[in-house]
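Below are two complexes that have subunit A in common, paired first with subunit B and then with subunit C.
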Partner chain A sequence: MITLTEVHKKYSSEVTIGPVTLEIPTGGITALVGPNGAGKSTMLTMVGRLLGIDSGTIEVAGYDVTSTASKDLAKIVSILRQENHFVTRLTVRQLVAFGRFPHSKGRLTTTDEEIISRSIDFLDLAELEGRYLDQLSGGQRQRAYVAMVLAQDTETVLLDEPLNNLDMKHSVLMMQHLKRAAQELNRTIVIVLHDINFAGHYSDYICAMKHGKVVQFGTPERIMNDEILSEVFETPVQVIDGPNGPLAVYY
Partner chain B sequence: MTTTTPAVKPKGRLLEPKLLLGILGVLVLLGFSLFTGVYDIFGTDDGTAMFAITRIPRTIALVLAGAAMAMSGLVMQLLTQNRFVEPTTTGTTEWAGLGLLTVLIINPEASLLAKMTVAIIFAFIGTMVFFLFLQRVSLKASLTVPIVGIMLGAVVGAFSSFIALQTDMLQSLGIWFAGSFTSVIRGQYEVLWIVAIVAIAIFIVADRFTVAGLGEEIATNVGLNYRQVMLLGTGLIAIATGVVTVVIGNLPFLGLIVPNIVSMFRGDDLRSNLPWVCLLGIAITTVCDLIGRTIIMPFEVPVSLILGVLGAVVFITLLLRQRKLG
Partner chain C sequence: MAPPRTTPKLPGKSLFNRASGALPTKKTRTRYWVVFSLMLALALSFSFGLLAWDNPMPVGSDGFWLIAQMRGSSILTMAIVAFCQAVATVSFQTVTNNRIITPSIMGFESLYIAVQTASVFFMGAAGVVALQGIWQFTLQVAIMVVLACLLYGWLLSGKLGNIQIMLLVGIILGAGLGSISTFMQRMLSPSEFDILTAKLFGSMNNADMSYMPVAIPLILIAGFFLISNSRKMNIVALGRDTTMNLGINHRTEVMRTLFFVSILMAVSTALVGPMTFLGFLVATLAYQLADTYDHRFVFPIAFLTGFVVLSGAYFVMKNIFYAQGAVSIIIEAVGGITFLIFILRKGRL
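Up next is the complex of A and B:
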């Protein structure tokens, strides 16, 4: 469970986050949606303690993220940011192995190796594990990053726009992988999503943000609603019954 | 679907046959180094003594300095996440030189240890200035970073030249600038062994540097104290650069070309790469020194000159390669 209490952050002179008070339940996928500049990524980054807060408290599984030691938090919550490109030439397996760093500090045990293999298999990367990251396509690389945070074996996983730069097929595959991770590996996954229909179909809860505040939180059934979505995104949205559940039409 | 034996197992295969071949190759080079020189160590009575006084120290110095500068370059590249930095393209060497000059002015009789300590402190401050500057402006474009570094180095170097000019030390500065192993003799080089300790330290914390190389966010995510690792890395680089600068002088581009060549062939797992980086650093330094010793025999060309030419060629090749890759 993630609990935010009166969280406040002045990001820049124009952008202020909060006050946010929110409870994200344990288990399943929670999607953060909202227009650009709503503060979704900033909030996620704060929960993942990559960015400090001005006031309030954030707790993940009962641990205060501002006061808990970073190396202990690394076993409780993992976060993957959107922009990940580095000059280091690592193979997929080497990258995923770094997910075990909080547990083994670089000296991998056989248990670590097993978990690494499992994460790699989980994201269908077994055939690519010896390849260098710069030899992969964008979708494959994104999967490798996700495999790394899964190998970290934390109860809570925060992902900032994991579908960014993925085409239709790979977006769907990624969401299926995440859904399975939430169900089979009992993870609590919080993701920032841009496509409301992905949120509506794959998530268990939707958290809608606007102007740095949480304006709606609920199940997709409740949030996938003409009025709520039009209000959140400040554009007319019509929700229709699709073959696989509700569909938001906004063009 | 299960994976069979892991394709890449970073540990446990440090001593592979290829590495043994590499070690053998370097040993042969070092053998050449031992037996290359004007003085006839076999024909004369004091040949053995000369061998012990100059040839052995010089060869040990080649090993230590070559390995140290190559490893400093590697750590620096990881910490800045930039392939084009190394102590001579970030101003670290120039800062160490300024430190050395400062000691020489304040106390011309200063001990080697004092010179070294001040050089290390200056190198540390200079490297921190560079890192802080990079963080502040968050320059990620790979070419801007070394350009900024070279500019910083040029400013510090110009300042040093100015002071040297004012204090009649220009010649000392010139001699320092042309890094050379010519003057390495018994009793003058032993402090270089300090860099062996630095090498061991880098080997121990190798994984932390690799994680830091993935960027502050990923490093923090896996619970690494990023700032602490940056400080540690800067400290180790400063010690290595400071010591080498005081004893040998400027060894340009070594830290740049070695890690890049190793990375091209082996990727960037720091721990398993370190022995290769050391070996290649030693090999290149030794080859350059051998060239410097033989092309105008019985005189010598400073090794920095040969390294500079070689480094420039590799640097440009890397740039062109990078452009081709996009």
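Up next is the complex of A and C:
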């Protein structure tokens, strides 16, 4: 469970995040949606303690992210940012192996190797594990990064726009992988999404943000609704019944 | 919890083979150790060559060792410089997340040049002598380390705390100090300028053996910290966000590393003078040769490469072209050209 209490972050007199008070339940996928500049990524990075907060408290699984030692937190919550450029030349397996660092401090045991193999297999990367990252396509590379945070074996996984730069097929595959990770590996996954229909179909909860504040939080059935979406995205949205559940139409 | 592995085993790829690690396959392991042995052999043969070539006494006799001992000091200096430049540059590139910069651009060399120039400018030829001695050496190292730490501490702790700005300020400080030095050099008499110039080309002969009791412990401490921290450095190389995600305090690691890097660079510069591109040349070659991300394997190769480049250049210049003084210029030229080719090939900084 992730609990945010009166979280506040000030950038300038115009740009502030919060105060945000929110409870994200354990298990399942929670999608953060909202217009550009709503503070979705900022909130995610604050939960993942990559960015400090000005006031309030954030707790992940009962641990305060500002006061808990970073090395302990690394076993509880993992975060993957949007832009990942490494100067280091790594193979897929070497990258995924880094995810075990909080547990093994760089000395991999056979258990670590098993978990690494499992994460790689989980994302269908077994055949690519010896390849270097710069030899992969964007979708494969994104999967390798996700495999790394899964290998970290944390209860909570935060992903900042993992569908960015992925085509239709790879977006769907990625969401299916994440859904499976949430169900089969019992992870709590919080994910920033731009496509409301992906959020509506794959997530268990949707958190809508606007102007640095949480404006709606609930199940997709509740959020996928004309008025709520039109108000959140400040553009007319119509929700229709699609073959696999509600579909937002906005173009 | 997690499902059992469902992926069928690939032919010829048993579970045992599925190991992570710096050198994952047999081929990369073999390659690494072949390269390592080759560099070691080259380093040893160049050292032996420097000791024995042109040595009039038969190998093994007392006279041979007497002459060898005198030449040994320059080999020791080369080893120290190679170690400082190699370890410092590899570490610096890791914490700055950039494979084309070297710590020399942080103003160490300009500071060294400014101190040397100022001493000649204010005290004449006697100034060069006044700068020799173990205390002066220690002081010079201390000034460079303090300056570097102030710069790092100030620039990395502020609100704008970021490495790009720190580098930029370092370069500008270096340029400023350089202009002051040039200005003073303009006003020197030709003979004083000649004395100064000899000091300003990096040369193994600048090193005074009496500095060693200070220099060696310093680099051993700094080197020990940097090398023993290799596993963390592997993570730091992935950038700030990934580092923090994996539970390492990025800022602490960067500051600590920069502190030890500044010690290594200060010792090297105070010992032999500026060597701008040696570090870059060595680090770039080492990454090509070692072909791994793991600092535990890159550091030894980088050190050996540095030593081979230095001793090889000295050996060739001294015994084949009889132009010992030009060695550092040659290394800088080769290093600079490598740098240009690297940038042009990569197309970006």
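In this text, the second predicted complex is superposed on the first by the 249 of 251 C-alpha atoms of A that agree within 3 Å, B and C clash if a C-alpha of one lies under 4 Å from a C-alpha of the other, contacts with A are read in each partner's own complex, and residues count from 1 in each chain.
We take it that a residue touches a chain if its C-beta (ideal position, glycine included) is under 8 Å from a C-beta of that chain, and two chains touch if they have at least 3 such contacts.
Given the structure is predicted, the values throughout are model-derived calculations rather than measurements.
After superposition onto subunit A, partners subunit B and subunit C are found to clash with each other. By the document's definition of touching, of the two partners only subunit B reaches A:Y132; subunit C does not. Judged by the touch definition given at the top, the superposed model places A:A61 against neither subunit B nor subunit C.
Of the two partner chains, subunit C is the only one touched by A:V96; subunit B is not.
Look at A:K71: by the touch rule set out above, it reaches both subunit B and subunit C. Legend: residue contacts after superposition of the two complexes on their common chain; A:E184 is shown touching subunit C, with no touch to subunit B. Contacts of A:Q152 after superposition on the shared chain: both subunit B and subunit C are touched. When the two complexes are overlaid on their common chain A, residue A:V172 makes contact with neither subunit B nor subunit C. Contacts of A:T88 after superposition on the shared chain: both subunit B and subunit C are touched.
When the two complexes are laid over each other on chain A, subunit A has residues 48-50, 69-75, 78-81, 84, 86-91, 93-94, 97-99, 101-102, 105-108, 113, 116-117, 121, 126, 129-130, 149, 152 in contact with both subunit B and subunit C. Contact residues of subunit B toward subunit A in the complex are 1-3, 6-11, 77-78, 81-83, 142, 206-208, 210-211, 213-215, 217-218, 220-225, 263, 267-269, 271. Of all residues in subunit A, only 48-50, 69-75, 78-81, 84, 86-91, 93-94, 97-99, 101-102, 105-108, 113, 116-117, 120-121, 124, 126, 129-130, 132, 149, 152 touch subunit B in the complex they form. Residue ranges of subunit C in contact with subunit A, taken from their complex: 1-3, 5-7, 10, 15, 18-22, 24-25, 93, 97-99, 231-232, 234-235, 237-242, 244-249, 291, 293. In the complex of the two chains, the subunit A residues touching subunit C come out as 48-50, 69-75, 78-81, 84-91, 93-94, 96-99, 101-102, 105-108, 112-113, 116-118, 121-122, 126-127, 129-130, 149, 152, 184-186.
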